[in-house]
Each structure stands twice: as C-alpha cells, then as structure tokens.
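The same chain A turns up in both complexes below, where it pairs with chain B and then with chain C.
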Partner chain A sequence: MSDVILRATGLRKHFRTGGGMFARQSTVRAVDGVTLDVRRGETFAIVGESGCGKSTLARLLMRLLEPTDGRIDFDGRDISDLKGRDLRDLRREMQFIFQDPFSSLNPRMSVGRLVAEPLETHHPQMGREERREEVARLLGIVGLRPEHADRYPHEFSGGQRQRIGIARALASRPRLVIGDEPVSALDVSVQAQVVNLLHDLKAEFDMTLVIIAHDLAVIRHMSDRVAVMYLGQIVETGTTDDIFAHPRHPYTMALLSAIPEPVHGRARTRLALSGETPSPANPPSGCRFHTRCPFAREDCAQRVPELRPAGPGGQHAACHYWEEIAAERPDAGTPPAHERKPQAAARFALYEAAIDRLNDRPETAVNAGANDMTQQEEDRR
Partner chain B sequence: MTTPLLAVEDLSFRFRGHDQDVVQNLSFALGRNETLCIVGESGCGKSVTALALMGLLPSDAVRFGGGRVTFDGDSYGIEDAGRIASMRGDRMAMIFQEPMTSLNPAFRIGDQIAEAVERHRRCGTEAARARALEMLRRVGIPAPEQRLDEYPHQLSGGMRQRVMIAMALANDPEVLIADEPTTALDVTVQAQILDLIAELQTETGMGTIMITHDLGVVAEIATNVAVMYAGQVVEYGSVQAIFDDPQHPYTIGLMSSVPSLTGPHRRLSTVPGTVPSIGQMPPGCRFSSRCPFAAPICAERPPLAPIGGADHQVACHFAPLETMQERRA
Partner chain C sequence: MMLFRRAIASAPRLQAAGADTPAGRSLWADARARFLRNRAAVASLAILGLVIAFALFGQHFAVWNNEEIDWAMLGNVPQVGGPSLSNGHYFGVDETGRDLFARTVQGTRISLMVGIVGALISVVVGTAWGATAGYVGGRTDQVMMRIVDLMMSIPYMFVLILLLVVFERSLIMLFVGIGLISWLDMARIARGQTLSIKNREFVEAAIATGVRRPVIIWRHIVPNLLGVVIVYATLLVPSMIIFESFISFLGLGVQEPSTSWGALINAGAQNMRNETPWMLAFPLAFFVVTLFAFFFLGDGLRDALDPKDR
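Entry: the complex of A and B
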C-alpha cells in the first residue's frame, strides 16, 4: 500500500460565466493546474486568500465538481471518471465537512435522522436497532448526548451544529475527511473545542484529514503539511514546520508577516503587498504574483515559475528567485516563541489544571459544550 | 491619562420583555489618540454597546437603566438621542459589522461618500467629491476614479468594507467606533486597514473603540482593553496588564483557546460550555456556570464590576487567582 492516499495531477476547473446578451463571456480559472499528494494518516492543509480556489479544489478532490482537466487518484485508483454507483461507494470513503454549520444541515430533519441518513446510504445492511445504537455512539463521540437525537438543528449553537456535521461525516467510517473551513465560523473558544475534537477523532479513527482554512494559526496547530494557493495554483508546499520557520515564496512570507500575533509589545516588520488580488478570469502573465510581489524582477512578467525544490524536507516553491529572496529575508519565518510572564504563566497553568479536573469528572464537561442548553432551548422553557 | 475624550459611566440597559440587563454597569474612558479594544464571545453585548453609544438602538425596544457619557468635556445621558444624533457621522462615526447595512445598493459609492461629507461640512459638491476620491485612495482601493461611479454590488466584499471605512473616516471624526471592521477581510487587507486607522489617529488625534474577537489585533493596536462576558466588563486594563497580567478566569480561558503561531504545539485549552442566555443568567457571578474555579460564594454574590479609568480592574472574587492554589490544596 502506497503512503499516498489522494493524488491530484494537473487538476483544473474553469467556470464559464456571462455570455448573456450584455455581459461578455469569460472563463474563470478557479483551479488552474494543481498537483498534490496527500499522505495516509496526515493532516494536509490548503491555505490562501479569499477567492484563490480553495473550495473549488476541495470539491474537485471530493468529486463534487467535474474537473475541466486533470486526474485524481484515491488509494491508487483513478477516480476522475467514476459515475453513479461507483461514485456513491467512493463517498463512503471520503466525506466532507462544510464551513457553515447553519446552512449545511437540513432544518426539517432531527439530529438523529441527520446522522442516520448516511448510515442508511452506506451501510444499508444495518438493522434498525443497530443503527439507533450507532447514531447514539456517533453523537457521543462528537460530544453530544443520545437524547439530542430527537432535537432539530436550530436548537443547537454553532459549535454544536458543527459537531452534528462531523458526526454525519464520520457515520460512513470514511478514510479521508475534507473540511472546508470547518472552524472558521466559530467563536474562538468554541473553535478550540472543535479543533481538539477533530484532532482526537483523527487519531481514534485512523483518518486522513484535508483542511482548508485561511487562519494560519489554526493551520499551524492542526496540520502536518501545507499547500499555499494563489490565484488557482499552488505556490508553495512543505511541512508545516518548514513553511512557518522559513517560507520561501514571497506570497507565503507576506501572509505570515500579516498575521497579528496575540503577544503584546512585539513589533514585527510586515511585508506589505500592493494592490488587489487580480481576477482569476484574467490572471497576470508569467508569475501570477508579479503584480503584487515586492521582489518582482523584470522577467517575472514573462516566465512562468514551476514548483521546484526549496529545502531538504520536501519544501517546494514556485518562484524564480527564492534563493536570492531567502538570503535577503532570513527572518521571514515566525519569530521565536513568546514566553509568558511568570505570574501569567502560573495562572494559565492553574486554569488548565482546573479544566482538566473538570474533564475528569464524567458528569460535567467531558464533552465540553455538550451539556449546555442552547439559547432557543432555554427561551422555550 | 488627563481628561478623557470620551468617558462612559455605568451604562446599563435591557431589551423590552427581558428582566435582565443585556449590558450592565459598563464603564470605560478613552483618551485622544488611544484605542480601546472590546473583546468577548459572540453575543456578549459588544455591538449593542456600540449602537447605544451611537444612539442607534431603537428607543421603543430598549430601556436604559443608567449611563452617563462625557464627550470632550460635555456630559449627557445615554438616552439623550437628540444630542447624540447631532454628533453622529461628524464627531462620532461608526463602521458597522455588516457592510451592506450601511451602503445603499441604489447609489454610486462616490455619491454616498460625498453626501456624507456634504451633510456635515457644508462644502460644495466639487469639494465633497474630491474628498470622496481622496478617501477611496487612502483605504487602498485601486483605480479609485473609476470606482467612484460604481455601485456597491460591483465591488468585492473586501472593497465594500473599505468603502464603509472611507465613509466613516471622511469627516475626520474625533471618535471612531469600529465593529469588527476587518473580520471578513484577508489578513493582508486587514493589515492595510489597521495601518490606515493608526495613521489617521496620529494625524488627527482620533480616539478609536475597536470591537474584535481577534486577540492578535488587540495586542497590536490597543491602548486599553475591556474583556466582556455576558453583558459585563469582567476585566479592564492597559494592553500590558491584560496580556502580561491577566487575572479573570474568563480572560485566561479566552487567551488559552487561541492557537499560537509560535512555540511548541500544545493542546488548546478551552472555556467549557456555552454562554447562558440572558434569561438564564446565574445569580452572582455571570461566569459561574462555566468557571472552573467557581465556589459557592460565586453563585451568591456578584463580584464588583470594574470601573473604567483606573489601571487594572477585575470582577472576580478570587482575582488574581493566586489564592486558588491554597484553596485547592
């Protein structure tokens, strides 16, 4: 068994838009030649700014969208042309978690039905009683209680709804789960609960996880390897540690330098980008980043850079000049860890210990968030 | 701080039909060229506080229990809608959480900004338009001459947000209230916007109230920080105090939930559970239903609320928590 579970080769998705009576027809090159390998058991992250093609790529990988060009292999098998029944069988192995916990669940289905539905599709041989038990088990795994099965999505908070979405995704016992911004819509404290949950589930179920996010701190926290996208293409890829310690592509450098760090009194020099992201319907010639790149040289507008090795750990960058730029900007990576003041550190430790004690007591916050009523629920009382 | 530019004392109000305050005993002081950041979980009352200060809460839906505002030496009650309206958009401006609520889809953006300028400055149309153009340029909108004549729907979300910011800043307000102005934006655009606000502050001495849930943004721009939980300020202090000497369990929980960009990977700590709804607030300390340190006294007696102005204040019976060690031992 190869260690690559999912491979994309030269993947493209072009959308035709306009072409009505007034609008000129144009082609949006949402994903424009993506090649990547996801390894078995890892968490692979895709990052980039709004509109760069992350969701389109995720939907292509899941075969929720037809690629314009290119090929996808899952577990060594070409799945680019699967149809009908074969495609349905594939869905059992690959599941999707949506960004928006508010609109991705059918409001008229009870939580129990929502979680049972994929079981019926993918494990039709399962008896009624067995299915009911499985639903309860899945709800427990994501930190909800069996009696939640009778309630409806609107009775739950955002974090709880995202847990329902995760329970649904896990129902078919997939080997690969793709999450499109699975925690972006959540409040930081709820986000932390769901991030921890995904981390635990991955270990428990031996899953591979592909996550899309624009929050680099979340990505650093969750993932083993990262691909950075710009205008439909991957501009840099490597292990999370390599990318954060020594980014090689100027766009990655700019992204990292723009994140405000929750540490007081540490000024960092920002690598500012000029202008707007160009439209994917009309990407710039040569290096697509040249219109905004602070290091652009004259020939960057003509020559297209290919992803090429940029470090010993498998890091790759699509920039003609990364060697020179890296020498110019040796401190482009994230700064060394910030030490908390001793008094603050002691309080954080105290807090963590107190939370752990709570978690050890089975009837309290084992499933942080699960035991709490939602607003609507309380208001109805 | 000498005389503050804007001081709020004991602001409390509730929505009709509720028997609990949605915002309770909120106080703060903001000096010229300072930034006060308000942080806290979704629903804790950040936006309604901002709307109250701007006089934009529907008067028939809300009941004020108190609140004195002192703006540049003038003092008035928070319910004095006429007084507040006379300053709105001119001396006090707001950037709203949802950009589309304040842009009219039927008008060109240049006209919308120019109109806001004309209304307060009594300058000519020409001058107002020139100012609109200048502001669009300053918020980093490319080809601003063309954009002036476009409609909101022709702009990307990020550009619309910048138009809103241009409109709020066009009259050089003395106080800017920004409600999550950069949440919907990419980090590189966010950085640009924060730089712009800082630049205007040094130029004009504007005081800024920034509502955000991003502690990174807070660390970067705040002078003072108010941490809110369930309608109350639970900790208030300088940005140093909050980051180097946090004392309220909620502040600490919030900070430990944020994944870090540096340092070793560790499991995220969380604030267990969710916020109770206003009708279900525990008596005593509102955080007691989620606080890992809660003791019997917490559910009985509310801790004192912080008063804006003093250096560092915490509403917790056990702050700064060092005593918890002995209590547990």
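Entry: the complex of A and C
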C-alpha cells in the first residue's frame, strides 16, 4: 500500500456564469490546475483567503462537484469517473464536515435519524435496535448524550450541532474526512473544543483529515502539512513547521505576517498587500500573484511559475525568485510559540494539576472535558 | 417575541435534561402549539368539523328523504314551504317540494368531496412533480415545467366543458377535470421551494453520505416543502369548491338528482322572485361559512408553520 491516500493531479473546475441571451458568457476558474498528495494518517490543511477556491477544491475531492479536468486517486484508484454504486461505496470511505452547522442538518429530522442516515445507507442489514445503539455510541464519542438522539437540531447550540455533524461523518467509519472550514462558523470559545475533538478522533479512528481553513492559528495547531492556495492554484506546500518558520512564497509571507502576535513590545515587520484579489474569471497573466506581490519582477507577468522544491523538508513554492526574496527578507517567518517565564509556567502547571484532580471521571480526560463543555453550552442557552 | 416564548418553553426542558429522557420537540410539534394558540384558526377548525359532521351524519336527522316530493307543498311552495320545525322541513322545501335540509346535506357532501379531492390531487401530484423537476433540474426540469405551462395556457373552462359534453356528465368526469388543473399551481410552488432547499447544505450532506436521489427527495426535500404545501392546499379547497359551484351554476356540473352547493345556490337564485328566500339563504350560508373557515384555517396554518426558526 502506498503512502498516499488521496492524490489530485491537474485538477480543474471552471464554472460558466452569465451567458443569458445578450450577456457574454464568462468562465470562472475556481480551481485551476491543482496537484496535491495527502498522506495516510496525516492532517492536511488547505489555506487561502475567501474566494480562492478552497471550498470548490474540497467538493471536488469529495466528488460533490464534477471536475472539468484532471484526475483524483483515492487509495491508488482513479475515482474521477465513478458513478452509481461505486460512487456510493466511495462515500462510505470519505466523509465531509460542513462549514455551517445551522444549514447542514435537516431541521425536520431528529438527531438520531440524522446520525443514523449513513448507517441506513451503507449498512442496510443493520437492525433497528443495533442502529440505535450505534447512534448512541457515536453521540457519546463526540461528547453528546445518547438521549439527545430524540431531539431536533434547532434545540442545540452551534458547537453541539457541529458535533452532530461530526458524529454523522464518523458513522460510516470513513478513512478520510474532509472538513470545509469546520470551525469558522463557531464562537471562538467553542472552536478550540471542536478542533481538539477532531484531533483526538483522528488519532482514535486512524483517519486522515483534510482541513480547509482560513484561520492560521487553527492550522498551526492541528495540521501536519499545509497547502497555501491563491486564485485557484496552490502556491506553496510543505510541513506546517517549515511553512510557518520560513515561508518561501511572498503570498504565504504576507498571510503569516498578518497573524497578531501575543508578545508585548515585539517589533513586527508586516508585509501588507495592496489591492483586491483579482477576479478568477479573468486571472492575471504569468504569476497570478504578480499584481499584488511586493517583490514582483518584470518577467513575473509573462512566465507562469511551477511548484518547485524550496527547502529540505519537501517544501515547494511556485515563485521564480524565492531564493532572492528569502535573502532579502530573512525574518519572514513567525517565531516559534514563545516560551513562558518560569514563574508563569509553574503557575500553569499548578492549574493543570488541580483540573486533573477535579476530573475523577473514568472517561478519558478529553471526553470528560467535552461533556463538561456540552453542559456549559446548554446552560448558556 | 417568538424567541422569548421559545426560551420560556425550553426552560423546564433544561431542568429535565439531567434527569431521564427529555423528548425532543420537532418543528411540527412547535407549529402545533403555535396553531392552538390562534383562536380564529381553532374556531375555524371546529366549524369545519361541524360542517363535515353535517355532511356525514346529517341524513340521520332529516325527517324527509332527499328524493321524496312533499305533495302537500307542491303548488304553493312560497306560502307553506318555508322553514318549519313542525312539518320536519327544517330548511324548507325547494321549488319541486323536496326537503331542502336533506338536499343541503347531499350538496355539502359533493362540494366538500370536490374540494378535498382537488386539494389531495394537487398535494400529491403537484408536490411530487414540482419537487422532482426542481431537484433533478436541467433538461428534465425544462420538459416537466413546460408541460405545466402548456396545460396552464389551455383555457381550462373550455377543456372542462368539452370533457363534460363529449363524455357523459358525471361526478367522475368532474373529478377528472378538476384533477387535471388543480395540481399545476402546486407544481410551480413546489418547484420554486425545492430550488431554494436543494442548495441548502443538508442536501449536500445527504449526497455526500451517498443517499439515493429518490430518498433525498422524499426525506430531505418534501418534509421541508410541506409547510408551504399544506397552507396552499387549505386555500385550494375553497377555490375548488368555488370552481365546482361555478360549473354547477352554469349548469354543467353535477346533474339532478345529485346536487352541490353551487347547484343549490343556482336554484335558489332562480327562485328569488318567487319569494322563497330560504332556497338561497341556507345553501349560501353553508357555502360562505365553510369558505371563511377554510381561509382562516389556511391563515392560521401559515402563521404556525412560518419558517422563522428554520
């Protein structure tokens, strides 16, 4: 078995817009030639600003949209032309977590039926009682109580709904889960819980996770490798540590320099971008970033850059001049998470010890914490 | 306001949450509670219940059969044919001396049946047609909706008259005619709603789960359409009744000895000059009250099923 579970090769998705009786048709190149490998068991993050094609890419990988061009291999098998039964079987192996927990759950179905739907679809031989038990187990895994199965989505908070969505995604025991900004619609306080939940589940069920996000803090926290997207193309990939420590593509540098740093008095060199993102219906020639790139050279408007090696750890960047730029700006990366002072570290250790003592439940600390949070969310309502 | 009420309603549930199993409240249960708070709608429902009971059991209270002619009345109906408790003609007699109470029971039955059959056909056929066209989309949608447009563009009155003339005038033919036209509007409404529902993420989630297309339509689209469909159906019942009455008023609808509200009102109106106002008053009163009740019911349902919390 190869190391790669999901591979996209030259993936393109073009949408036709307009084209009424008199309007001219235009083509939006939402995803334009994406090639990427997701390795078994890793957390792979796709980052980019709004409208860069991340969600379209996620839906292409899921086969929720038909690619205009290119191929997708799942587990060494070409899945770009699967239909009917084969496609349904594929759905069992790959699941999706949606961005908006308010619209991704059918308001007319109880939580039990929502979570049971994948079971009904993929394990029709399962009996009613068996299914009930499985649903109760799944709800327990994501930190909800079994009796929640009789309730309806509108009776839950956003964080709880997202947990329901996760339980549904886990129901068919997928090997790959793609999350389309799974936490960006949630309160900041709830985001951390859901991120941690995903992280633990991934380890527990031996899954591969592909996370689409625009929140760099979330990505740094949970992902192993990152791909940075700009206008439908991947401009840089590499391990999370490499990318955050020494970004090579100017766009990545700009993204990272926008992260606020919780260090008092640290002088920062922000790399501000000017102008708007160009329209994907009419992308700039050459390097698509040249219109906003502070380091753009003359020929950037003519030559299209390819992803090429840009570091020892498998880092790749699509920039003609990354070497020169790196020499110009040695401080582009973000510093490693800063150290606590000894006194503060001692105090935090005390807090943690106290919390551990309070947690006398037999469950794992994570699950207990999740339950507490669920209770709190409920109380808040 | 709505939210506030919801919050109060959920307070006892929260306390119960820690204890045993708190039952979830579906959106339907919420809607029922909201509907029951609407007095006009509940009263309308009660009135409709009475009208239906009148249609079902009215003949047991009638002294006279709807076909017998009271020969004592014939000849001087205006003088002695009026409503009276003593001779058993509660609503009086019609111009041929038949008991109007029994005739009204008979007419109520036919009119309600026409209304309900028309609404049922429109709910079943219209929803299925519209939801399928909207969900599948593309060429299928084009073809299906053009069929609807085509049928709508033919003057239905003309078709109906042709149907009733070519085939024998019968109740079945009337139902066929009403069935043919009643679902067209519903199909359009259902399609429009489906188009907005099918882009919601829960439908995409079902696709991502691998649920089959017919199951998605049945389980995810139709239940979310139903609010709109039910409201429209309750408003369609009276319009079907009016439609039938109009046909009967033209003399094309139900045939003697069968009758309907429209036919009775027609007969009453023709006898207005003979100083027999009861012949018009009783059928008309039933007609108006029932229609009012249906409209109020539809209004109440619309308020109750309002998609505020969807």
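The rule is simple: the second predicted complex is superposed on the first by the 330 of 381 C-alpha atoms of A that agree within 3 Å, B and C clash if a C-alpha of one lies under 4 Å from a C-alpha of the other, contacts with A are read in each partner's own complex, and residues count from 1 in each chain.
What we mean here is this: a residue touches a chain if its C-beta (ideal position, glycine included) is under 8 Å from a C-beta of that chain, and two chains touch if they have at least 3 such contacts.
Since the model is a prediction, treat every value here as computed from it, not as a measurement.
Participant: Looking at the overlay, does A:P247 come into contact with chain B only (first), chain C only (second), both, or neither?
Facilitator: neither
Participant: Compare chain B and chain C by how many residues of chain A each one touches, and report the one with more.
Facilitator: B
Participant: Taking the superposition as given, does A:V111 touch the first partner, chain B, the second, chain C, both, or neither?
Facilitator: second
Participant: Touching A:G159, do we find chain B (first), chain C (second), both, or neither?
Facilitator: It touches chain B, and chain C stays clear.
Participant: Taking the superposition on A as described, I'd like to know which of chain B and chain C A:Q193 touches: first, second, both or neither.
Facilitator: First partner only, chain B.
Participant: Tell me the contact category for A:H214 with respect to chain B and chain C: first, second, both or neither.
Facilitator: A:H214 sits against chain B, while chain C stays out of touch.
Participant: Touch test for A:R270: chain B only (first), chain C only (second), both, or neither?
Facilitator: Only chain B is touched by A:R270; chain C is not.
Participant: Tell me which partner A:G179 touches in the superposition: chain B (first), chain C (second), both or neither.
Facilitator: A:G179 contacts neither chain B nor chain C.
Participant: Residue overlap on chain A between the chain B contact set and the chain C contact set?
Facilitator: 378-379
Participant: Which residues of chain A touch chain C in the complex?
Facilitator: On the chain A side, the touching residues are 62, 64, 87-92, 95-96, 98-100, 103-111, 117-118, 121-122, 147-148, 150-152, 154-155, 165, 168, 172, 378-379, 381.
Participant: In the complex formed with chain A, which residues of chain B make contact?
Facilitator: Touch residues, chain B against chain A: 41-42, 142, 156-159, 186-188, 190-192, 194, 213-220, 239-240, 242-247, 249, 252-265, 267-274, 276-277, 279-280, 292-293, 320-322, 324-325, 328.
Participant: Which of the residues in chain C come into contact with chain A in the complex?
Facilitator: Listed in rising order, the residues of chain C that touch chain A are 10, 13-14, 17, 20-28, 200-202, 204-212, 219-220, 223-224, 309-310.
Participant: In the complex formed with chain B, which residues of chain A make contact?
Facilitator: Within the complex, chain A touches chain B at residues 49-51, 157-160, 187-193, 195-196, 199, 214, 216-218, 220-222, 244, 254-255, 258-265, 270, 272-273, 275-276, 334-338, 340-341, 343-344, 346-348, 350-352, 354-355, 357-358, 364-365, 368-369, 371-375, 378-379.
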